[in-house]
Amino acid sequence: MSVLPNPSAARQGRALLEARPLVVERGVSRHAEGSARLRLGHTEILATVSIEAKVPPHVRGKREGWLMAEYSMLPRSTQDRMNRERNLQNGRRHEIQRLLGRAFRVALDLSHFRNQTLIIDCDVLEADGGTRVASVMAGYAALHDLCDRQVKAGTLTDWPIRSPLGAVSVGLVGNDIRLDLDYSEDARARADLNVIVTGDGKVVEVQGGAEGEAIAPELYIELLRAGVGGAGTLLASLQRQL
Amino acid sequence: MSVLPNPSAARQGRALLEARPLVVERGVSRHAEGSARLRLGHTEILATVSIEAKVPPHVRGKREGWLMAEYSMLPRSTQDRMNRERNLQNGRRHEIQRLLGRAFRVALDLSHFRNQTLIIDCDVLEADGGTRVASVMAGYAALHDLCDRQVKAGTLTDWPIRSPLGAVSVGLVGNDIRLDLDYSEDARARADLNVIVTGDGKVVEVQGGAEGEAIAPELYIELLRAGVGGAGTLLASLQRQL
Amino acid sequence: MSVLPNPSAARQGRALLEARPLVVERGVSRHAEGSARLRLGHTEILATVSIEAKVPPHVRGKREGWLMAEYSMLPRSTQDRMNRERNLQNGRRHEIQRLLGRAFRVALDLSHFRNQTLIIDCDVLEADGGTRVASVMAGYAALHDLCDRQVKAGTLTDWPIRSPLGAVSVGLVGNDIRLDLDYSEDARARADLNVIVTGDGKVVEVQGGAEGEAIAPELYIELLRAGVGGAGTLLASLQRQL
Amino acid sequence: MSVLPNPSAARQGRALLEARPLVVERGVSRHAEGSARLRLGHTEILATVSIEAKVPPHVRGKREGWLMAEYSMLPRSTQDRMNRERNLQNGRRHEIQRLLGRAFRVALDLSHFRNQTLIIDCDVLEADGGTRVASVMAGYAALHDLCDRQVKAGTLTDWPIRSPLGAVSVGLVGNDIRLDLDYSEDARARADLNVIVTGDGKVVEVQGGAEGEAIAPELYIELLRAGVGGAGTLLASLQRQL
Amino acid sequence: MSVLPNPSAARQGRALLEARPLVVERGVSRHAEGSARLRLGHTEILATVSIEAKVPPHVRGKREGWLMAEYSMLPRSTQDRMNRERNLQNGRRHEIQRLLGRAFRVALDLSHFRNQTLIIDCDVLEADGGTRVASVMAGYAALHDLCDRQVKAGTLTDWPIRSPLGAVSVGLVGNDIRLDLDYSEDARARADLNVIVTGDGKVVEVQGGAEGEAIAPELYIELLRAGVGGAGTLLASLQRQL
Amino acid sequence: MSVLPNPSAARQGRALLEARPLVVERGVSRHAEGSARLRLGHTEILATVSIEAKVPPHVRGKREGWLMAEYSMLPRSTQDRMNRERNLQNGRRHEIQRLLGRAFRVALDLSHFRNQTLIIDCDVLEADGGTRVASVMAGYAALHDLCDRQVKAGTLTDWPIRSPLGAVSVGLVGNDIRLDLDYSEDARARADLNVIVTGDGKVVEVQGGAEGEAIAPELYIELLRAGVGGAGTLLASLQRQL
């Protein structure tokens, strides 16, 4: 009953190592301390930053703040409707928000946010593959928006971002290495990696592996290198728009 | 720390009985059977319709379908961030989605959807007062989108909508009757009604009353009449855009 | 398998605008700070007031207290047994307890209860229609019991009740306007309003509308006026018994 | 702030081995298949029997039915108000409803209820010690009410009760063995047993032991014998009223 | 599909009043303040003691600490796998951990643990009947381990154990009184008691009764005496190994 | 208050690229269809395989079975006690059990288990770093135990394991690449990868990255290669013991 993307049209003329167009807009929320809306192809993420004036027990007494991420999909962002209650307890959701939290804590110097907790909410408005890497970049853009506003307002004196974040998925579809899989490619991939990098091309995290059959280490390294390159290209596109 | 609307600018030149501009777009979701995005001033709702091929026990064996509504706010659609888990159990949320379900079941003839359950998800992307009445109209627009597609596709032979829905809030602020309160007005209102009407100006539901001090029946009726009128005007605006 | 009321006997000689007999008893609990048991026809409510020496965050620092209501049905107060866990998460329950809380906060001047939270528990022992309006009056009677005891004990120096509360349901059954629907009438009603009034006949809240087909505004106002009248009559009966 | 029983008045002239007066009324619910309201001193229980036309997996295919019990306290049946959500997960509640279920399954021959599940709800309206033994007897009275109605209606051809149930608490307060402790005695008891017996004086279950210091086996047996006797006396009182 | 014990081999040469061999090892956890692993036949329990520097509200201000027990079964400690979430809400689990808490609070003088809460976790690694009595003894051994370490370390100056704990199940299988039932015997027992005693043969708690048919008081007392004897024998075996 | 490992003794003479000793025992559960207990240094895992005769919806109608993994820590397997309820909802737990499920589905050919779901439970009895990689190997050993039993019993005609699994953590501590970090090393690591390989040295999954500062791609690849090597060595040790 749903409107399925036509699988034959999947890459729509994209080269194998070409990501989908990335479009980002900062400052989209009237209420949040920082925000961004980001589209990567048909995948759309709304990210907001909220600041609370408290820290969890393991940070108390240290001269820094804390940051945590939440990821959630709107019930009908996907082909089949997802139940809200079940969605909150979903294992995939927990896996992704832990990945996001680790990445954002690499990007930001939390010593500028003493006794504060930053919560980055990444909500998927529409999903067509790559929601976790799109969330990395949307969340980074919202953090950038926050810092920009606070520096302009004089709340922050120094620029607290240690490094911008780029991210991309890279997969093995048939015998091809393909960058930035959409949903129809992702469903057929033999291997699938998510690669997060910093502005100077260093690795923040790699997550992923084989679907079905294990892959040779040299092929894995080739995928990884393609991911590092592609994530850098997307990051360059993101930075031009901030 | 949040960007508060300036209360003195609240009505921004609107007359007391003038609603905020309503903008609606149909067919905004690639996955949902029907969808709409609606803005009423700064309040923004994304509504989707999903169809499941089953009905709850109390409908089984009857020659009709069922319809239920869900309402939820994105964590940072409001001034203070809302916790997701607590949000799901929130009493206000339950109150609103029961109101929405009753209204949509008046609007739609469910005998055209035998053995099916329609789920209308109304997600608040940004809140500035009036989210429940905006959800009534966003959900109605998504239902209209669904029916339009299904009639065009030949899945439905008859137009199943019995009546379009308009809705508005009306309040008593100081001694003024005001239509379509934004957040800053709502917080000061002495009485607050939500009025839902059909295309021929009949009443679907009225909900609301005094905040603080009870009000005379004749004043209540005056508020009600203002609401019926205002809801009709918004409905006319909505219909021009579908 | 259950003992159903005979529908033909529904109104049992009552006139269309005549409510069922109301019987109330105060001070029925050995433990609660205030309490009442109220019967409206076969509907029976046990209401208790509990006082806790704390207030929720949004009241702290203000020179007043807070009041919240809980509503629950015993598992077999109804024709089919209700599961306890599901009952607690039930949307209808949340809708009713929000209505009750708003009404009781109109009735009581909370500046006499600084730094205290009053919890009004309305438990349905037996249900035959009208449980929410019976709960409004049972809860009011329990509040009256509380205030009476505290004034006599010298804990309160002033009478803190701003206004007594009366409430009734009014519906459209066939072409008749009927007051105080029992379960069998409620199931057939084309429209159903719950009206809450104060002792001087002002409106606290009106909630309700069409079941199936929308109704003309003038008919809605007629129902509303019948409800205001009927609620006043029940309130007079209630006050004679306190 | 609550109305406490005067501890000095605790036994109110009762002999040490004398239980409080027991008053029971059958058929108190219009909806339930069987019901009873029972008072033991100031402790008051409402018990209902509900029948569902299904059995849990471990009974399927056997030529019998199933029976389960639920026990719950109204929020203000006790001196301090109990939170409803926490109350449902309460360990004491689970312990008691398992005891009740075992006892009722001894009392009733479930081969007369094939493919049916009987649910006995015991709700504490007011608590003053002994709620679990009062629930045993209230639930038994509700079962008796059910059987009586079904035999009269011809739904059951044989009397399915194998044995009536009596129950009492017995404790060691100071050096005295006391029967049927009220709340103030229970709080001071050095040992506390709950004893359930059948009509012919046999033991269904004994539960309990030392509070603080262990007790000699011969003293334990003395307590047990006092309990068996007292439970029999209460059962006789119960049966005279059914 | 599971490996069932052969029921004909059930007692494997044991006399009717002979318990299964008990093997206990102290100090098995690197992290816990006290710990023990105990086998009773094929039933295996891992018990740990954790100390938290806070007490629940009802203990605050008293010159003592608090102790609570948790009991849980690993998902596949039993013949059929148990769901983890359901396992936590399981009524039997709550019943057992309340029994354990009461017994351990008799064994230990909590005035030596002011402002501290001891949590005894009893996790069933493998179940073959008697898990609750094995947990009593495993938990006692872990408490003994804790006290021994703290006295040696000088954290405690006095030995805080008031009495060691022994425990055993005793049942009526056919017409035989049997001690320490394994799973296959337990499933056939007509009556089943759990008896907990102290080192000087006093009773801490007795829990249990008839399965199916009530039993004569004198037979109940005979079972009780067999249990007191058997629990003492197991306690002697336990003490030799500590 | 807990018994902490001495950090200076952390590697206890191990070379930087040397894993801790691995000890595994198969067939340790009387009830499970397959089982193993595995120690990697002081980290100890109990893994069981359970088979249920049903599959989730997305597998129905396919000619294969399904496999899912659960991971849990006993409350006191760690330095600070973990609350059981919170533990079940823990994000880290969900992240790990998704990793485990993917790895086991690579290892096993599920076409031999049509219409069956295999549940692999990995319970941490004691934690000292590396619990997720130890769980990969413990779960694999339990799967091997299952297959061995079923082939011997004739339930399976072919050997359904596609590939054995080895796994290890590899980290950057100071400037050293270290294999198989224990808890004290893990807490200081600048980068931390978990690497899972098959018997022929191919990659199943890599998960991990920087802690604090991003790392150069070439260094990441060096860590990855060390992990592939180390995982292979542990797998060889595991296979010798099966």
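Read from first to last, the chains carry the letters A, B, C, D, E and F; within each, the first residue is number 1.
As a working rule, a residue touches a chain if its C-beta (ideal position, glycine included) is under 8 Å from a C-beta of that chain, and two chains touch if they have at least 3 such contacts.
As the structure is a computational prediction, the values presented were derived from the model and not from experiment.
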Contacts common to subunit C and subunit E (chain labels): D
Contact-graph separation of subunit B and subunit E, given in steps at minimum: 3
Farthest chain (mean CA position) relative to subunit B: E
Remotest chain, subunit D as reference, centres from CA atoms: A
Subunit A-subunit F separation of Cα centroids, rounded to whole Å: 27
Distance between chain centroids, defined by C-alpha means - subunit E, subunit F (Å): 32
Subunit A and subunit C: spacing of chain centres that average the CA atoms, whole Å: 50
Numbers and ranges of subunit D residues touching at least 2 other chains: none
Cyclic ordering of chains (reference subunit E, direction subunit F): E, F, A, B, C, D
Of all residues in subunit D, those that touch subunit E in their complex: 89, 91-95, 97-98, 102, 106, 163, 196-198, 200-217, 220-221, 224-225, 228
Subunit F residues within the subunit E interface of the complex: 1-3, 5, 29-33, 35, 42, 46, 48, 50-52, 70, 72, 74-79, 81, 84-85, 88, 119, 121, 123, 125-128
